[in-house]
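Once you've had a glance at the structure underneath, I'll fire off some questions.
Labels run A, B and C following the written order; every chain starts at residue 1.
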Amino acid sequence: MKEPIVQMDNIVFRYDRRIQQETISNVSLAVEEGEGLAIVGDNGSGKSTLAQMLVGLLTPQQGSIRILGKVLNDNTKWELRRQIGLVFQNPDNQFVGTTVQDDIAFGLENLNMPLQEMRKRVEQALEMVDMLEYRFHDPSRLSGGQKQRVAIAGILALNPSILVLDEALVMLDPKSRRLLLSTLHDLKRNNGLTIISITHDMDEAAAADRMVVLKKGRVEMEGYPSDVFVKKQELEAPFAERIRRILAQHGCGVPNKYMTEQEMVQWLWK
Amino acid sequence: MNKLILGRYLPGDSWLHDLDPRAKLVAGVYFILILFIANNWQTYALLWLFTLLVMKLSNIPYRVYIRGVRPLIWLILFTVFLQILFTAGGTIYIDWGIITISEFGLINGVYIFFRFVMIVFISTVVTLTTKPIDLTDGINALLRPLKKFKVPVDEWSLMLSISLRFIPNLLDETQKVMDAQRARGSEFGEGSLVKQMKTLVPIFLPLFVSSLNRAEELANGMEVRGYQASGTRSTFRQLKWKFQDTICLMAMIGLTIALVILRTSGVAFH
Amino acid sequence: MVMEIKLDKVTADYQLGPMRTPRVLDAVDINLKPGTFTAVVGHTGAGKSSLLKVLNGLLLPNNGQVMVGDTVIKQDDNKKALKAIRKRVGMVFQFPEAQLFAETVEKDICFGPLNFGVSLSKAKEIARVAIKQVGLDESLLSKSPFSLSGGQKRRVAIAGVLAMEPDILVLDEPGAGLDPTGKKEILSLISSWNRTKQLTTVLVTHDMDDVARFADDVAVMEKGQVVSHDTVRNTFSNQDQLDKWHIDLPSARRFQLKLEQTTGLILAATCLTEEELADALIKVGLV
């Protein structure tokens, strides 16, 4: 069997060593190449800490993280960051450039890449997130959805194998969120990108191949979204599942399995 | 804040807007230096002609430049006043003990006034027609030789460009916090000095906290995109020296020659 | 006291530093009845935040007038009149936790009341009430606001506005950035103040599910104008108009339309929440 692209083994992290409370307690997770994994959990569950550890911004006190077979540590983190990129919640605080294309080029400049190659990469990245026509705009004056597209392009330009989204869609209105989600889905399918999205948006989680529920720094449940939403009734769910739960409460004979909106419509019409 | 013209950029598409920032910076500094060649009315007349022509070329109305001088007028008049008092020679018009106003003093005062105003005008031309980011790039390019002496030119210019990029955000943020506190009944600019200082705490503290957060997020974002302070970086934004930039520098040489001729052939007044 | 808000042909410009945006509000007419819960929706830059600011005298109209109760806000209003308005209209900004500054939660909540001339002992009393109103424990009063979690900070900031004991509460995306549980709790609290205290409420949001669940009326804004002001159900029944304004739908309504399109069946009413939709599905015999 192929080795997972990301492998976390028994990760432990606490911000303050004097405090017993661990932010992350003994978390082990494997992510397969080309997979879409959603890590969900409420504020304070430790999700963002996990995201920062994945890119080497924080170092676990115990356990190890392997990315593409290499152990992530202070010596390997710069090299591995070309393979694993992180998109943060608030793009406004990430922009370095005064135009969209300057900002996307920032990561490439850091690699000391020749100009011709940079131009090509910037163009490709802009195209992937459908922002070509905004290349000369000031990123801080774009709409929320566009800003996050630029931030994602800034990472994609580096040609990473893995994209980590740390609540990157949270600030967006539902419509921009749906649009960006479908863009990310295309990227995953067409470019074989592995996407780890850390989120509390259940529609985002439902769109993933697999989801992990984090609670107080521990993995509470792991599985297909369709199973998790049915098993964990107290978890906020996507719309069709919410309807299914209400109907079930009313004693209607709904199947005890997760349905997408499309499947729900078809089932109703049967 | 709205009145300050010097240091601002006005978008436009004049011949001057199009010049390379390096050409503009060199020409601007050079102009200030050759101002000191002028010593008679012919040379000053030529410099005025040149200054007005350059201002015309910027396609920005003269009144904008005049507004730019206004905040500095007291400083200029004070210097002129000192010059008048402390220059002796020629006919003496007023003699009140320590205060004497002489012919040479008056003429010198007028020259100093002209010199000052021209310096302000020309610097304003440079900043009004050059994007801050281009200015930064220009300065970086001109200071590049200093890198041989281990001066961190690239780090400085990145720092400068990031600061420039965050100014609008800081303005936004300030406005927001002021509005929020005003909505809670806070009043600014009223009462005794102590009281006024007190009303500033609810503004500065939140701004300080958010700036720290912003800085941390920015630093994380930059690190994730591979920025290392000591690393060698390529540059995406390229400055391009054009024929018109050469013309600009030729014009400066032409002006110098004309000044030297007028200085020696014209009637020096001392 | 319950208060009516009336805007009559209000036009306003917005100045930030050197940038000036003309006509962020363009001849806005709107009338908000006392005790109602109105959601303001529209695109980024449609003028929603400016509308809120005008209600509070933070943005003064160039033309037209704003009436809050029996007070009129005019272009050249003096500070005293504006302060009176600000006491009546409590304003919660987007990410209000960014306004916290004091050493303790108690001091921060007391800031508003003290500015409006309430005595210290009375302000402290109010703070105790306000912190409970936002569902937090009194013991937090002595803590530093900066030591709290994100959700708690948000609540403390809202308590700081409630402590002014306003007649009208105006909020700009109070749930933004919170997790689903936190968001639901905040909005439920706001809705309960509206119902039990008759607090006239104006809420700016992008989330149509919140509009459907909590608001009575919807004001749709576009290019600085209020282009529609109607009940929630009427607004979301008018599909053609919504498309024209690029306004999203509540999930239940979106699902309903999808179902109706696929099946050709038409449900009796416009469904706004999942409960309504489930009832309608049962009634029509689909389940």
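Assume a residue touches a chain if its C-beta (ideal position, glycine included) is under 8 Å from a C-beta of that chain, and two chains touch if they have at least 3 such contacts.
Quick caveat: nothing in here was measured; it's all calculated off a predicted structure.
Asker: Identify the chains adjacent to both chain A and chain B in the sense defined at the top.
Answerer: C
Asker: Counting only C-alpha atoms to place each centre, which chain is farthest from chain C?
Answerer: It is B whose centre lies farthest from that of chain C.
Asker: Would you mind pulling out the distance in Å between where the CA atoms of chain B average out and where those of chain C do?
Answerer: Spacing between the chain centres: roughly 45 Å.
Asker: Can you give the whole-Å distance between the Cα centres of chain A and chain C?
Answerer: The answer is 31 Å.
Asker: Of all residues in chain C, which are in touch with two or more distinct other chains?
Answerer: Expected reply: no residues.
Asker: Going through chain B residue by residue, note those that touch at least 2 other chains and give them in order.
Answerer: 168
Asker: Could you list, by residue number, the parts of chain B that touch chain A in their complex?
Answerer: Residue positions touching the partner: 131-133, 161-162, 164-165, 168-169, 213-214, 217-218, 220-228, 231-238.
Asker: Show me the residue ranges of chain A that touch chain C in the complex, using the header's touch definition.
Answerer: Touching chain C from chain A are residues 42-44, 89, 143-144, 170-171, 173-175, 200-202, 236, 239-240, 242-243, 246-247, 250, 252-254, 261, 264-266, 268-269.
Asker: Please give the residue numbers of chain A that touch chain B in the complex, ascending.
Answerer: Going through chain A, the ones touching chain B are 52, 55, 57, 78, 81-82, 85-86, 88, 90, 92-98, 101-102, 105-115, 118-119, 122, 140, 154-155, 158.
Asker: Which chain B residues qualify as touching chain C in the complex?
Answerer: Contact set of chain B toward chain C: 1-2, 8, 168, 171-173, 175-177, 179-187, 190, 201-202, 205-206, 209-210.
Asker: Could you list, by residue number, the parts of chain C that touch chain A in their complex?
Answerer: 44, 149-151, 176-182, 206-209, 248, 251-252, 255, 258-259, 262-263, 274-275, 277-278, 281-282, 286-287
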